[in-house]
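Below, each structure is written out as structure tokens.
In the two complexes below, subunit A is the common chain; its partner is subunit B in one and subunit C in the other.
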Partner chain A sequence: MERGYWIRSKPVYTSLVWHDKATSHLLVAQGDGGMAVLKIFQLMHPKQPITVLYACNLNSKDYAKTLKKVVPEGLQILNSEEDVLLTLNNILPNMSMGMRLYVAGSEGFIWAASECAKKFGIEDTDIMKELTGTLARSVYCVHCKATTHDITTNIGKCCGCERMLFVRDHFSRRLGAYMGLMVDAESPGILPEIEEIYP
Partner chain B sequence: MTLVFKQETFRDDYRYSNSPSGIKRFPFPFAEDQYMYSVNIEPHGKGKQGSVNEFAFDVDEHYVAECIDKGITLEQDPGRYESLPHMMDAQWDFLELTMESHAQDYPDHFTLKKNGLNWNWENKPLGIKDSFVFGDCSTLPMDPFEYMGRQVQGDFVLLDQRDETLYADAGFITSQADWSLAFNIGMSWKEWHGPVPRVTELGVMDRALKYLMNLQLGSPVRRLNWTMTINPRLDTSPENYPFWGGDRNKVNKENVSDLVHLRVELQALFRLPRSNGIVFVIRCYLINLKEIATYPRWSKRLHRVLKGLHPDLIEYKGLTKFHPLAVDWLSKFDDGATIELGTQPE
Partner chain C sequence: MSTIDVKVSAIEQVTPLVKHFTFVKEDGTVFPAFSGGSHVVISLNIGGRIHRNPYSLMGSPEDTSAYHISVRRQERSRGGSVYMHENVTVGMPFKITYPVNLFSLAKKARKHILIAGGIGITPFMSQIADLERLGADYELHYAFRAPEHGAFAERLKKTCGNKLHCYVDSLGERLDLSVLMGNQPLGTHLYVCGPNPMVVSVFEVARNFGWPENHIHSEQFLAPPIGEPFKIQLARSKKEILVPAEMSMLEAIEAAGVEADFLCRGGACGRCELQILETDGALLHNDHFLTDAEKASGKKIMPCVSRAKCERLLLDI
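Presenting the complex of A and B:
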């Protein structure tokens, strides 16, 4: 990759930081996102009401025990990423203006949570996001429109049409996925070396 | 003016060509011997009689064939038309703009009669005649944007202006130069243009955005963009890349002037009155090297532009495989003499 080259649609993730003007805080985290939640509580224990939703996953350490000690109120430990998203969906209608949303976890999780928040009028620019644990990508196949999750290599097989897709650095926030384009359309069967670049 | 519409195809057997007058009016984009991106935006005012800029929407000899091709593409992939729910005002704006322009500029082919909100539209070349209530979707066979998108040459993106940027929130895209509506819909200006190389350094996109945010009603603007396509294929979408990508391997010394087409996009932008959105029109014109060589001025110019093209642009525009063949074929027309500034054929 040429130095200085940067595709503008690729999201930039930062560390979670409290919005001190918020009227309440809602933190959702998955897997290693638990560490991001612990980190933000190192900064401050805010005065405003707090809700934290967390589920560990198979590849990560389980931060539930530590979170229980650190988070002063409103902590819900859930069984899976899906349960976190479902709970988020259930509690958002009860939130009011001034609530700030913080998301930490894999990229797939971050954008699934954003999609959920969008239904309630929360724009993704208003959501604080921290990427943790893995760089694995969700890839949208432009040919068959299926999304394949957890791709860690430059080229991955589409779960829908089984074409080998080149993972382009072009990201759609609406789909929560990178663009996948058939890599050997011009020379069938001839693939570049497949390397793990999103471990 | 009565146009004669050619029977043509933009896929499979590729029965397509430009008539001598079609070649002469082709929007050749190179005024100079070098090319680099710039904010080459100008007012989309009334151009010379017979030129592609004579009217707001140019209807040419390929009109009927192009509309038929749109229908085929949409039937195979309905995702080429998409509109987010908040875009309905902009959809009606689009219908009004295109119907009024076509009826006014090509009265032999299109008529629009209004009686309050009761409108009658007739499109003679396509054999369409409908009565509907303006603003009432239930009186049209489909969304207003899709309805007219199928009857106007080109691709269309409806841009919503908010948060100090433009969002691509609806599109009718059947002749795109390798970008995906299904993937890009809902993106902001910067995200959407993310993959275009070199433009960040040049500041082109920031300046263009600033300019367009101030676009006024009744003062549309335009620019030309270009790439090259193998075969006169309108649907060079990433969706169907597996079906056309391989054509790039078929170019050789013998067929290069028939297969390699200059693909010029006449891009026009109009502010819309109700939605305060913008319609971005991307009209595609195709001409092969042989037809370009009708005019030595153009073949010489194209030879120099291609020869000196920045390697990043050769790659981005997908020319890598046939670029040397095209330069080589065009070189025989280039005597090295100076060509004055301008895009005219003679």
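Presenting the complex of A and C:
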């Protein structure tokens, strides 16, 4: 990556911190995002109402047991990432302005949750986001429009058209994925070295 | 800046302090379309000096046969509003700018709450026409001093029905901001236009109820303040100008025949920003646009409302 160069579309993730003026808190986490939830509860147990939705995943440690000890109220342990998103979708209509949303997990999860929140008028800049566990990227192919998940290397094979795609830094919030461009368009079959850069 | 030639086609006294002016185009054609919340800047020639005042368009955006503005008489101002009240008659020609919208409705909002104080109702008049047409969920909260000052309250009642909530100060009616903001659905956006203390308290209460900053909108155009005269130098136009007490820096630059950019002329939009190359004095920033850090850096100034105390202020224009 070129030094000093920054792409505007690239999202910025931080550590979760409580919004001190929030009237209620809603935290959704997946996989290693459980650790981010534990961390924010280390900072403080806020006095406003709390809801936490969590599901572990295959590649991560399961934080459910510890969360049950630490989260004082409103914890729901769910079976899968999909269930977390579904539950989020079901509880958002009952929330009011002043509720602040916190999301922690893989990049794909963060943007899936953010798409869901958007339907209820929550903009992605209103959401506090922490990226945990992996830097693996979802990549959308500009040629066939398919999205390939969990790419950890600079070049990856498109799950749709099987082209070898160079993983760019341009990010689509709507798709929750980075742009992928055919790498050997000019010199078919000649590929640069494939290296893991998004472990 | 390109302008539209208009003439006054009707004047109506709506309250003891507010007059409503209707403009049509000189050439009889229709006006450009605009969106709710837009304003125009009207040029007034008062005793040989050009004043340019921004006013919200308050007609329905669907009606482009005429533009409507309302002007509150401000006694302690530099004379623009008094001139509008006392000297402007039906048939008089004016030049106005094309409409610009610095106070547009949030497209993704699921509900809109509009809060107006006094003459601050004007930008909402056109927005309400848009909201009604879209069938959007909204509430209008309109506070004014006394029953006779509720300009357009009657008309609004017809358009908005029970979405209109009026608060008459002289009858002891108050808008309870905590109740209002404590219980609104997700995706609500808030808009406020009115006197400064009202805008400040709306922002404060909304923030205290955890509302994200980008859900709170305001339109506050300042009138250029009167101050001490000072001198400025224009680097590119190679001119030295004295800014008189009653003129803004922007007006003085224009009066010297130099073209300068602007949109709001009220310290809100940032369009008129000028770079400061050198100065020997203190800057008196009055705008709402620059951050405190930018103001402190002394590198930029908004000439539509800000002034200086100096002999030398070299500007990059």
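Operating definition for what follows: the second predicted complex is superposed on the first by the 199 of 199 C-alpha atoms of A that agree within 3 Å, B and C clash if a C-alpha of one lies under 4 Å from a C-alpha of the other, contacts with A are read in each partner's own complex, and residues count from 1 in each chain.
Going forward, contacts are C-beta pairs under 8 Å (C-beta built on N, C-alpha and C of every residue); 3 or more make two chains touch, one makes a residue touch a chain.
The structure displayed is predicted, hence computed values, not measured ones.
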item	value
First (subunit B), second (subunit C), both or neither touched by A:Lys129	neither
Partner, of subunit C and subunit B, that touches more residues belonging to subunit A	B
Touched partner set for A:Arg137, first subunit B, second subunit C, both or neither	neither
Partner chain in contact with A:Arg168 - subunit B first, subunit C second, else both or neither	first
First (subunit B), second (subunit C), both or neither touched by A:Arg8	first
Touching partner for A:Met99 - first (subunit B), second (subunit C), both, neither	second
Which of subunit B and subunit C A:Gly121 touches, first, second, both or neither	second
Where subunit A meets both subunit C and subunit B, residue numbers	123, 125
Residues of subunit B touching subunit A in the complex	79, 163, 180, 182-187, 190-195, 197, 200-201, 238-242, 245-246, 248-249, 312, 321
Residue ranges of subunit C touching subunit A (in the complex, touch as defined)	108-110, 181-188, 207-212, 214-215
In the complex with subunit B, residue positions of subunit A that touch it	2, 4-10, 123, 125, 140, 142-143, 145, 163, 168-175, 179, 181-182, 185-188
Subunit C-facing residues of subunit A, complex	19, 21-23, 92-93, 95-100, 118, 120-123, 125-126
